[in-house]
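There are two complexes below, and they share chain A, which is joined by chain B in the first and by chain C in the second.
And now, the complex of A and B:
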């Protein structure tokens, strides 16, 4: 066409092609998420045996569960929108406290309460006291003095420990180690100035702890030690939060009903479902599953040793990868020379870290096998080897995210600090790190949530897929949640593959997702502040 | 204070303080240097034991052998069946992850509203964060029955379900790095495109994607390298049979055309290099035997391949990056 017609000149501009492309892109973005949602739905259905329940059970449970929740939400939404976040926090704190109590419980499985009692009393407490003494006088030698006192305490404790034959009852030691410092912290935060009120809060807190050790066994049948742990990790924070909210605004009490409503909804759902329904669900994932050892019988099978194993491994990974990772990031961002021979070394380290992040995890397993087991001679499949191997695996991720967090601290604040005559280390400790901490924590938690699901490296270092007893120290044989899932996925009995493995998968995913949510929450809070 | 005037200390000698500064610098340097030691450690561990393997088994036979049977007598350590398994999985996963991941990146960077992005991005992070053993379990227990519905007679452990899951798992890897590259394209280029009368589609395909090519390509390479190193999905869902399918000859108009039946490749079981490593590590082979050492030979091969791909990816994103 040689003739130029303005009406057809725009015929080349078709909106159809663009629309198709846009919808295609949209569909593609949701594809992975939808597939994952389907798979998660299937695995949750299996883990809780939801197919066993009849339709009328669902109807009953829906009413029993939904009615209280909907009423409460509607009340908050229309009447008291200002209490929304208070209700959410109040509802989250008790379960979070229970998880925290579980973690403390596991820590006391590793080391006897007496171990904590001794070192807390003669190393940690004096060190904190010395630090406070120096810090209140703005003396810069505070950390040094505290460190010195702490180390001396540790050394004395090491020699004194075998000599002590009489020790207090475990629950008394737990009150001293857990409840007293927690009470002191709350007292200090709630009433920084008022000495009278501080004593009252601390006294009430400790009295509550003593009371819990008597009431716990009587009311819910736990040992006095467990009762004290539950009190310190769950009841005390709940009391603190509720007390603080009420002290601030007495009319905010409806927001604190959140956990009661949630509990009532769950209870109401179960009761009403049971009344109306002919058959209820047959959950595999229940208390028994979480607290029993693996078994050859599907009905008795549990995940407990693997959960404890995972906690042990993650504890090592968290400490090693955080210390080394943040240290390396500080070096690369704050110290590393950029030019000359030093600059070349810096560049090598940077490229190397980027490449390490891409090495398959199974190869790290071989490194752990060759280095820790074969060369150094640590045992096959023990806690320490597993922890160190996974630390090496996530170290590059921790370093890279910590570097980003440190880099995002503006240069001006560093310059200002140097201008005041601060040294490099003082600048890092007082200016850079406090601002970088949220970013560093987010990256570390995300990396840890990856470590908790890693399976291949653990298989390579010879970790057992099934152990029947939780580990007792850093040299004991260990299994982990993903290893146990791996074992069940292959079991020749179909009940293990189709019922027990899903329960393990859901447990693993809940742990992993809560770590992700925590990291995302931290990041959002941090981004809002920045 | 008895003395008002004090001689200022201008010696620059900070004594203990400079000692402390030096200590922290050395400490943090040693942490950073530890990462280099990790690489050296990986290389030496793999190399020493692999060397032991190649002393008793020829390198040529390892690299060209068509039979992998480390435990059954007579043992044979031809790596090609494992390479074939790895390539099949990687290729299939790439066919899924590359287009889907790229489109996701385009959507997130150009089309999606801020609210959608705020929901979708964390969800994609979760997709990337699900443990691979869980994906393996999903492939075996939930995906295989679906495949069985379409292709009855698929074996319980099959290549297709594992490959699909590896593909799903690598989508976020492609999308997040590609999206970073696309978002980094300055807005002035977009505005220029719109100013010339281009549609959103034309701006995306003719301006944004070409400008972000280096980042997009390096995301592809990283995703492929991740798929090659993926272990648990293939160990759980793909089976333990290292094999290369037979090449058949189709008689088309008297011409013998060689072909491989796709059903044999995808619906049967197979084994990748990574899965073979897990199998050997979990069998009762004692240290020092040739089969045990073959573990490190495969490990070295895997390490070399993935390292090479990572380096290539870095070079591409550094060398061909468009600076604005």
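And now, the complex of A and C:
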């Protein structure tokens, strides 16, 4: 060993332990992935009744679905690789718009369109106008002034609301609340300088909204209000994107065919499968399932009240946990004393927030029951209590992730701001928060997607596992998707256990995954900026 | 570093605030803008500045040099009370800015920093547009009349206007390192402070960018008082009117005209330091 032997001096050094560890870890990871994938696959098979379909149906569907998609992808790949991302975006926008339309639809279930109309007109619009007025003059009092005007508007609205007896038709109010601001935004973004063109874009957008309110009922049989919501959330963004792409480069039109091809592929798959196959799949998860109330008959059962309930709850959780969580994180990181007795208390609080993140959710359910129902006296199993209890549950996670994000803002940037004579508040608002936003948003949304799947705390606060009508306000009895699935999975009829519950699980997972996709998108978007 | 090993510097009267010898040059009060009197700074138990007394002249460039950990940055940060941001920092003695002790109860550090700008070691523009970076100071002080002119003037003074005038909307962090540092200087002077403190402003830059910053400091001294901490003795010799030498333990050992300090240092340890024998 000690002597220098030219044959063995540079022989290999043993990496055996590292290799063993690497292989074991890899095997374990793959095992986990495969098991999870298998579980998801089985759930999807049940939810869509895929076992019922014959082999020839699959062949037909595969050809009908794959052929257009493959042709289009090949065309893009070989001929127009520059259009790839345009095609992807154009294909994603319509379904995203539909989901967005669903969210708006639920918002209008919470409060009447008149509510939104009144407060939009009397509070939001004046506040935005005041903000714009001050901000264009670079006056830092803009948020203050806008906030003041907004609050005054809210107060006036509160007293005026019961006095107004005559109101416009709902769809007219929706055009005013949704289409006009969306059109104005598009007009401003597309032609920041050109007044003439702005008016044209806005006019076209609003005219389209009015047209949609007449054509919607005639063509697809929805109410005029729903038609306007669909128009504002889906057609307007599509028209905007396509218009912007074409205005930039006329020859980019093949990229915009993405959604048409996708729709054609789905249609082609269903049609060809039906022609060739002897038996098709019997999906449980279909439009009927998403839009009906629960039923004692498996064929009529649906998830609609639970979906709306979950959206209500998540809306409350999002607002409460974001505001309180980010506020707490800012306090702990920027204001709380770090030394002396105060510093010790701060450290104790920090450690215990981390502990709270690990407290079982059942315990939070008990806390919600004791605090909101017994102590404050809110109703059992209502939307507000459900939302607040789940907010408590995810607050520690939101606080910790926001703390991490705030801590990751470099000290130099803070110093630069303080060195300019900025106060702590100015530094936080202008420098720290903008840089911390991606991390804060990611943490919050991931925590929200945990909250949407929680079952135990909702049971503890007395939420019903099955309700037959969607909630209509914050004091309504509410159920949520996981509760409904929980109920179905113990149902005495096997059809509920074996078909309906998987459909509920798939719906829940789709909602949760969309939220995570949103989190990733937001993070990437803000990270590019920062 | 004990006094016994450096016998000559207790003779020079460094430990007496009245200063027997002329190692620490006195400046007529009329021209003085910043004056430290027996200034001590502690970080917890550790003494970072040891009884520093010196007067900094108005509209001149004063360089502070010394080896790492000698307290030169601490001294700079005690001028605009940036040390307040460190919980364990404790300041005793006086530091007068235009005759007023900035550590008096009635002095608001935030208001003080609006008159004493600062440029840091690593360029640290905000993740905002070039325009918004320079406009930051005027905006937080609600001084936004003629904001465009203020931004343009600051960028011109920082010798950056011609390079960025067509892309004020781009992010400040997308500029090159040297440009970022000049942007930081523009940001600091946009609010028209009396004093600009610079903490090794060129240490993270390449030689070309460094020489631009040095030219810029020369021009700035026509309008502002510049106090610059630097590691680079040649730089201090090139750009400053006065030089203060801090040595280990937070002692100010010699202070005077730059030419005199570099050609004819009176203190043996300063001579050793300048000639590169340590530090």
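Structural remarks
The criterion applied here is as follows: the second predicted complex is superposed on the first by the 497 of 530 C-alpha atoms of A that agree within 3 Å, B and C clash if a C-alpha of one lies under 4 Å from a C-alpha of the other, contacts with A are read in each partner's own complex, and residues count from 1 in each chain.
As a convention for this text, a contact is a pair of C-beta atoms (placed from the backbone, for glycine too) under 8 Å apart; a residue touches a chain by one contact, two chains touch by 3 or more.
Keep in mind that this is a model prediction, so the values were computed, not measured.
Look at A:331: by the touch rule set out above, it reaches chain B but stays clear of chain C. By the document's definition of touching, neither partner reaches A:250: not chain B, not chain C. Legend: residue contacts after superposition of the two complexes on their common chain; A:423 is shown touching both chain B and chain C.
Contacts of A:137 after superposition on the shared chain: chain C is touched, whereas chain B is not.
When the two complexes are overlaid, the chain among chain B and chain C that reaches more residues of chain A is B. In the superposed model, A:195 lies in contact with neither chain B nor chain C.
Common to the chain B and chain C contact sets on chain A are residues 423. The part of chain A that touches chain B in the complex is made up of residues 13, 15, 17-18, 21-22, 24-26, 28-33, 35-36, 38-39, 42-43, 323-325, 327-328, 330-332, 335-336, 348-349, 351-356, 358-367, 369-371, 374-375, 392, 395-396, 399, 423-425, 428, 446, 449-450, 452-456, 459-460, 462, 482, 485-486, 489-490, 497-498, 501-502, 505, 508-509, 512-513, 516, 520.
Every residue of chain A that touches chain C in the complex is listed here, in rising order: 137-141, 337-340, 343, 410, 412-413, 415-423, 426, 430-431, 434-435, 529-530. Of all residues in chain B, those touching chain A in their complex are 14, 17, 20-21, 24-25, 27-29, 31-36, 38-39, 41-42, 44-46, 48-49, 99-100, 103-104, 106-108, 111-112, 120, 122-127, 129-134, 136-138, 140-142, 168, 171-172, 175, 197, 199-202, 204-205, 222, 225-226, 228-232, 235-236, 274, 277-278, 281-282, 287, 295-296, 299, 302-303, 306-307, 309-311, 313-314.
Residue ranges on chain C touching chain A, taken from their complex, read 80, 82, 85, 87-88, 110-115, 117-118, 120, 122, 124-128, 135-137, 139-142, 144, 147, 171, 184, 187-188, 191.
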